[in-house]
Each structure stands twice: as C-alpha cells, then as structure tokens.
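The following block contains the structure, expressed as structure tokens.
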Amino acid sequence: MNGVESNGQAKADMRVRLRGVEFKNPVLVASGTFGYGAEAKKYCDIEQLAGIVTKSVSWKPRPGNPPHRIIETASGMLNSIGLANVGVHTFVSEKLPYLAKFDTKIIANIAASSMEEYRDVLEHIEQHATPNLVGYEINISCPNVKDGGLSFGTNVERTEELTTLLRASTDRLLIIKLTPNVTSVAPFAQACERAGADAISLINTLVGMSIDIYTHEPRLNTVTGGLSGPAIKPIALAQVYQARKACGIPIIGIGGIVSAEDTVEFLIAGACMVQIGTANFVHPDAGIRVARGLAEFLQKQNISAVGDLVNSLRIRAELKAAGW
Amino acid sequence: MNGVESNGQAKADMRVRLRGVEFKNPVLVASGTFGYGAEAKKYCDIEQLAGIVTKSVSWKPRPGNPPHRIIETASGMLNSIGLANVGVHTFVSEKLPYLAKFDTKIIANIAASSMEEYRDVLEHIEQHATPNLVGYEINISCPNVKDGGLSFGTNVERTEELTTLLRASTDRLLIIKLTPNVTSVAPFAQACERAGADAISLINTLVGMSIDIYTHEPRLNTVTGGLSGPAIKPIALAQVYQARKACGIPIIGIGGIVSAEDTVEFLIAGACMVQIGTANFVHPDAGIRVARGLAEFLQKQNISAVGDLVNSLRIRAELKAAGW
Amino acid sequence: MLAPGLVTLRFHNPKVARETIAGQFVNVLPKAGAIDPMLRRPFSVYNTDGDEAEIIIQAHGRGTNILADTAEGEMLDVLGPLGNPWNYKSGDFKTAVLVIGGVGVASMLLLTRALVKEGLPVQSYYGARTKDLLALQDLTNLHVATDDGSEGFHGSVINMLRKDLEARKIEQPKLFVCGPTGMMRAAAVLAAEYGIPCEVSLETEMACGIGICQGCPVPTDDTTFQKTGKRFRLVCMDGPSFSAETITI
Amino acid sequence: MLAPGLVTLRFHNPKVARETIAGQFVNVLPKAGAIDPMLRRPFSVYNTDGDEAEIIIQAHGRGTNILADTAEGEMLDVLGPLGNPWNYKSGDFKTAVLVIGGVGVASMLLLTRALVKEGLPVQSYYGARTKDLLALQDLTNLHVATDDGSEGFHGSVINMLRKDLEARKIEQPKLFVCGPTGMMRAAAVLAAEYGIPCEVSLETEMACGIGICQGCPVPTDDTTFQKTGKRFRLVCMDGPSFSAETITI
C-alpha cells in the first residue's frame, strides 16, 4: 500500500488508527471551521482529508448569535458564532447523507445544554448513522453560548458522568473535546479515560475579548468570545503535552495549526491526530496542504510512519530529574 | 496643574490614585521586562513613566534557568527566565537606592516559594524602603519555575492566606498579581479583596510550549514557559473584565499592550492602570510612547480625565438581560 | 488613482476575470504567508478585462494598508468570485437607480455594464463628503451630491434622490445601493416610502467568505423570519446584496 | 552581494556609524509597526562609513527573510550600538588570528581595521562549506578552507589552523572566533590545548539586546562560577564576545 517514489525513497505510512478505525492520515478539519463539507468542497478535495468533524449540532436548530460574530486579533481571531446549526433532524436527513458520498471519515460534533440533550442527539444520530460516520466528538467547551456545555467542560465530575452516559449509547468512537479554560487539563483527561472515552481532543478556543474604544462597546455581541488561530498554538501544545502525561488514551491536537511543521510539534507532544481550524478560513484546502506537507516532511526526515513521531518528545535527563 | 494647549483645548488629567498614592499617569512597566531601571535608562526617560515594577525578587539570588530562555511565537513570545534575580539583599543595597534617584514610583515585585519567604522578603524591603517605594506586587503566578508561587496562584485559600499575612506587614500598596491559568479569575480577585489587598494586577503569562521538530526537544529548557505579547491581549482583557465584575478593588491590566489604543481597551474593561511588558523589549521607551499616545487620545476624544475611561464598558441592555 | 485614498489593484486571474458577475466579490489575503494579519479581506470586483480583474481599495486599516502598498509584480492571493450577483434581472423595474456612497462605487462599474447589456436605463446617484473624494469614471447619467457642496447637490445623496423621486423624474425605478450603513438604511427607508424595490450590498466582517465560518450574519426582518424561520442570513453566501425589505440593516 | 544568501543593508544612522567599536552589534526590527514577527534581530555591525553603517544578513528565517527584502529607501528601525567590543586591547598577544565561519565574517571587517590601527598583525582563517559561500573582501592575510576542497585547504578551518599552530607559524597568537557554535567550541578546545588566549563571539536568542529581559544567558565555566558566583552571563550585556575559558559553549 505504501508507494515507492521515483527517487527510490519509500513513501511514509501516513495512516492512523483510533480503536478499530483507520484514517488515511492524521489531519482532520475542526468543528465549526468547515461547515458540513458542501461549502468548502469547491476549494478543497475533501477525500484527501482524514476526516471532517462537523459543526456542533444540537437537538433543535440554533440561529446563532447576532453580529458581530468575528473579530480579528493579533495572529488570531475571536468568534462568537453561538453554535449556529441546523439541528439534529436536518443534520441526519440532509447533512449526513450528503457527507456519505465522500471517501472520508465523518465525526459528528455534538453540543448541548443538558446530559439528556447530549444523549438524545447522539442516539438520534446513531439511529440514522451513515457508513462513513465513525464517531462523535462531544463539545463540552464552547465558550460563547450561555448553555454551551462549558459547565460540563470545567467540572471534572460532570465530564466523567457525561462521558459514561454517552459511552453506553454508542460503539462508535467517542471523543471528548476539552476546554483550555481550566487550571489544569490533567484531571479532565483522566476523567474521560476512566469513563471509557476513546480519545480526547483539545483545545477548544480560549475566552477572549475585544473592545471598541470609540463606542466603549464590546466588539463581539456576547462581550467575550473564543480565541483561535496561531496566537494560541503555544498554549494548545502545552495542554496536549500535559494531557499526554496525565492519561493513556489517544489525543487529537487542535489549536493554531497552519502548517505541517505545526502538526509535527503536536504529534511529538503526544497527539496522534490533529485538527485544522481557523486556517481553513484563510485557505479552505489548508487541511490537505498540511497533510501533503507532513508526508514530505516524513520522507525528507526518513521517518517511515507518521506514528513514529507520536509522543516522541525528548526531555533531557537532568530536566526530568528536576521534575519538568 | 492641568495645562492648556496652545490650541485652547485643555490637557486631560492623566493622574491616577491607588489608595493614598498618586501616579502621574496610568502606565507602569511590568515586572521582568524593564530590569531595575539602569539598563533601559539610556533608551527611556524613566521619569515619564508612572512607575516601575521591578523584576521579581526572592530571598536569595536566583541564577535563573539555563538557555534557551526565550522563543518567539506568533505575535508573542515564550519565556522561561526562571526568576533570575539579585536577591533581596542586593536589591535593597543597590537597586532600590539607584531607583530612588528618579522621580517615579517604585513597586517591588516579590516571588517566593513559601509564605514565610514572601513575608521575609517584604519585611526586609520594608526595613530598607526608599522614599519612592510605594508598594509591593506579589507574584503568585510565575509559570516557569517549579516553586514560583503558582501553587499559591491557583489556590484560592492560599491566595487569601498569603494576602492576609502580607497585609499585616505593610501599609504600603499591596498588589497581588494573578495568573490567567485558572478556570475562573473571579474567586481569586474576591479572595484578594477580602484579605485587604489594595489592588490586583493581571495577567501574568500563560503556560505555553514550543518544540524543535528536528531534535524533538522542547525549545525552552523548562519544557513549558510563559506566553506574553499581543497574542494574549484578548485573553488578558477578558480576565480584567471578569475580575472587574467580581471585585471592588482597583485592577492593573497587563497583557500584550503595545499601544495607547490597547491601553484604552483595558481601562474601559475596568483597569485603572496598565503595565507594559513584552513591548519594552521591542521599544525600551514603549511605556512613554503609550502614555503620550493616551494623552493625545483623551484630548482628541475630549475626555477630561483618564479616570473617566475606567470601567466605562457599555453593554447593551438586551445582552445584560441575557446574562452576558 | 481614482480619488485620494483609493487604490486600484489589477491582477491576473482568469477565473475571477471570466466568471465574475456584477456584485460578486473576492477575498484577498493581505500578505501571503503572514500569520498577522491573518484573515482575508473582501473586496467587490470592480472591473474585469480579459484574464485580468481589478479591485478598488480604500486603505484605512491593517490589511487594506498592506494591500494598498502592494508593489507591481507581487503575487496576490485571491479567492473568488464569491457571493451572489446583484439581482438586476428581477424584472420589476424600468430604470436602474444606482445609489452610491464612497468606495461603494467599486461594485457599480460591472453593474452598469450588465444593465446596459440588458438594455435598461441607468441613473447614478453618487454622494461623497467632498468633491475630491469622487471617483467619477465609468458612471452613467451621473448625479453628484457632496456634503460640503463643493460639487453638485449640496447635501446627502439620499435627499437628492428623494427630490427626484418626488418629482417623478424616474420611471419605475429600482434602487441598487452600496455605501456606508447609514446611507443604505436611509435608502431602504426611502424605497419603502415610495414602494419601490431596493437592493443593498452589505459589508460585514468575514473570516472565510465562503460559508464555512458563519461569521457574517445579517438579521432578517420579522416577516421574513416568520416566513422562512431564518433569524439570520449570511452576507457571504446569501448576499452580499439583499432585497432591503427582507433584512434588518 | 557578498556571497549567495548574504545581503548587505546600508543605512543612515550617525549614532551607530560614529560610536560602534569592532564587535558591537545592533538590534533591528524586521518590520516597523508589525506585531508578527515581533522581536528585533541582532546583527553585527559589519562596516561604518561616515554617518552610515552596514550589516550583513543571512536570510534563513521569518525575520531575516523580511529584512533581506528591504527595499531601497525603506526605514530601518535600529537600536545600537549594543554589547561590548572585541577585546583586542588585551595586550596578551602579538598576532591576531581571526577564525571565521560563515556569516561570522560580518564582525571581522571592523576588527581588522581596529587591529591594523593598533599596529597588530592579522591572520584570517576563513572556512565555508564551499567556495561560492565565501565573502572574501576586506580580509587580511587570508587562509581559506572549504569542506569540499573547492578552494584552499580541504577540510575544516580549525584543522587548517591547527596545522599552522603546530608548525609554530604564528607568533604569540590570540584567536578571535566568530562562526557556528561547533566551530567556536572546537576553536576554544584548540586554544586551550596550545594555551593561547581565545575570544569567541556568541549568538543566542535575544528579546531585548539591552539587558532587560534576561533572555540571553551563557553558562559560565565552573572556575569562573566559583570565583564570581555567577552561573550565567548575558550575551547582550556581558558579551557578545567572551574569553573562551570563562564560559561553557
């Protein structure tokens, strides 16, 4: 399956497995940054992506927040979309079937305001699952709606309880998406592991704010919003590293990734896959650019499989001894 | 005292008071980003600054961490200086007397690894206080030394206990410097208020990381370090706003400020003063550039006193009603 | 230079040049490879000519300042054409009335051309603060208004238009409006008053320009909301031009 | 162009041009007003001439690529002169031996001039990967080594120097070394072996260049630590050149 390049060098094995599921490569596109595929299709050959994490879906459709929803910041952006989505019924009747046409994996991201709603949405999708729907990403970390799950994401017990509940409802991949807006991500990673999650993904956006100095009004209509983009990459990387030390389940790294080099950092820190978010807004084909760049990197570095990079951080002995 | 410009417009009143202490303007330079004054003096007319927050001082001198200590990131930087400092004895024998020559206020920043060390350092400085030493900033938030106070800064009870202890030891300004690496800054702000702090300052740096993709080693010798600069401004602003809602004591805003406009955002969000950090590395006179720009802004906007900006955020009624 | 502060960028892009219909826009990266500023900036396609296209940039912020400084020969990273065309084939008018404020002029050349091709008469009402800010070329049957009276009608372009509507000078008009929000709102009110169709081309912040970020909503008006169940429409996908009566500007 | 990949920037700055002593550096902003990349970049002052100064830039990263693209006439934001000069007045040598690798050549022109002014003979040992990468002008008594043997000695500049030291060709030498870390380390070892003074000019990341960030430490060697109590010295303030025996490269 792994081809040999004309220069004789073996192509690196880009495949990744998450429990039974095999992905083409480690590069997913992040929830809320790729729509439901149809919009970006024109600019991005979806089938070159490992998979698409769909926009958070809730039981009922949500109109989202009033404008302004996005503000550019230094090497990043704030958003306050407010989980605008079509609701789970349209999701299963229109979006999933549309996405089923592509040779790529689909992970349905779910947002809700109660245990029951999370379960109901998941079970409804289970009942209408399409062949390439491989799992769920549970958004307990949206900072810009009042009832967007952050009350779960900042509470270890509720995170564990929710994960246990959802675990009972599906055999597909169950991925819990964690928030960086906590003192330590470690206990959350451990709670997810205990409750049987297949993986965790992190980070969601950081709580941020911007003010119009002439009107004295917050620039985002929800006062604060979620910060994403290259600005947050160092924070995301630190949290992936801390989660890696804390738990044994796979980690999907997210936050400020724009290049193959960024991706390699996340893999070394301990993630086995990554998601591309904000970068899709700049280049709708960012995901495949990153995947392609990653393959080239592996080949240049003579690394035969992408898995060899995962969790390959080298910390010198004296630092380890000093407790770092 | 407030002059009138030749064009007839009154100059805005830039003064700020923190309890008994009057500052020329709201612009301080942040701890660890301006040395002890001597180095930057050549490039910056120190007397135009409201004051200098000195590099964190501990009981004994600290050599700091081995290289590499700084890494540039997207619109920011990571540092792992490791609280390199001369120790409190040299601080009072050399640094404070040197700083006493300038017509500006000095705030001594203290870092320690135990309650007793914090108190001892503070009391030692008290005994050797110079006339322009107006107070203390207590660093309970350094993310890049193992014993750098973050164990205080992420624990509400210890924050309160420490503040109470130090309050008993000084009548000078007592400012507690908070970390953004917590789930919510609100209880910390409240603990400081309860324990009698005169003000809180925030934010210190965010925990971040960077990896050399060729050697697989962390780029900073301490694996993780502290993220500062424009990248973190939206986060800092949100935390100032959240602290403002939570407590009644003055707030000093810090984080990514490079311009007068940035400063105005922090004032509107609820800070009454700001500190310039990383920007000093680019322009050692960043503080006076910002102060001058702020005076011009006030004049152009016909705002008669800088205090009028403080906490002037306008949130529309419907948003308030919705709980934002 | 068209007028002070406006810069025209011409670039080779067969796709944009050949496929753009009047009213569509492109999303342009201020600086390829840079991560600050990071997001693309949307601009109306001003002109197309063979394989080349033009945009007009009013430099006033981080991204537009960089773009206005683009040197001859530099590469421009352009995504487009995006959005929907002006709805100039709606058939509910006999005279197209272009109502233009400031850099809104950038979406009017292609529209004028398209209308002329359809055989529809065009009247252009163009307002600016002062004479020097007018970018006059390419407009047909021009009526100029300046706030300071330095040229044409002394006052707002909306007041000038109101007088002409009052005097029934224009046969079965439809307004095509692009300019500052205040002007678009006033035009919408005027159109409602006279019961004439009115289309406005909106500006909102955009992260993607292609419908994947949901960052560019415009609230619908209550009737439309009740009819469609949609509280918002997306300026990049559903617009940028909307029938004024269906939205809340 | 001096050599492929090296760009010379000449700028008007009376302070830098008049005050710089050989070995000092300037800290240059890649792009004034930009917040990414944000930090200044340090460069040796290569040449001074009246009110003008020159630096040589090897473009290989975000900041140096931007600087290498600086257009004629653009403003350059330069802080300096910074750091200490080469210690060429130490009096403990009769022949100055410049040991140069790659872009380390940038700090050698002013040093050569200063040494000549002091009446001290200069021998220049200059190594590069290949012939084309050598920037040869301005060097006195040049001995060239290339890794690929395309010019001069075939091998490392350190081995070439070792042979000449072995042959006692050089009278009471002192080494002034600037180049890649590995080369500087090797030069220090060589100097220790022969018991000759050696000064190395170090490169570390710098945030400020003026001593306020503490970001640029170099560890002292154990003896120096025991004598001074200082575990680190700052490259920007205490350096950039150090007596090789006092530090741990």
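Residue numbering begins at 1 within each chain, and the chains themselves are lettered A, B, C and D in the order written.
Here, a residue touches a chain if its C-beta (ideal position, glycine included) is under 8 Å from a C-beta of that chain, and two chains touch if they have at least 3 such contacts.
Keep in mind that this is a model prediction, so the values were computed, not measured.
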Exercise for review: Give the chains in contact with both chain B and chain D, ordered by label.
Suggested key: A, C
Check your understanding: Distance from the CA centroid of chain A to that of chain B, rounded to the nearest Å?
Key -> 34
Practice item. Go ahead and note the Å separation of the Cα centroids belonging to chain B and chain C. Key: 46
Check your understanding: What is the distance, in whole Å, between the centres of chain A and chain C, each centre taken as the mean of its C-alpha atoms?
Key -> 37
Practice item. Starting from the mean Cα coordinates of chain C and chain D, work out the distance between those two points in Å. Key: 56
Study note, to complete from the structure: Shared-interface residues of chain C (touching two or more other chains) are 35-36
Practice item. Spell out, as numbers or ranges, the residues of chain A touching 2 or more other chains. Key: 74-76, 229-230
**Study point:** Arrangement of touching chains [line / ring / star / complete / other]
**Key:** complete
Check your understanding: Inside the complex, what are the residues of chain A that reach chain D?
Key -> 74-75
Point to revise | Complex contacts: residues of chain A adjacent to chain B | key: 73-76, 78, 146, 154, 181-184, 206-211, 213-218, 221-224, 227, 229-235, 237-238, 241, 256, 261, 264-265, 268-269, 297, 301, 312-316, 319, 322-324
Point to revise | Residue ranges of chain D touching chain C (in the complex, touch as defined) | key: 34-36, 71
**Study point:** Residues of chain B that touch chain D when the two form their complex
**Key:** 32-35, 39-40, 42-43, 55, 63-64, 66-72, 74-77, 79, 81, 84, 229-230, 258, 278, 280-282, 284
Exercise for review: Using the touch definition up top, name the residues of chain D that touch chain B in the complex.
Suggested key: 29, 35-40, 79, 204-208, 210-219, 230-232, 237
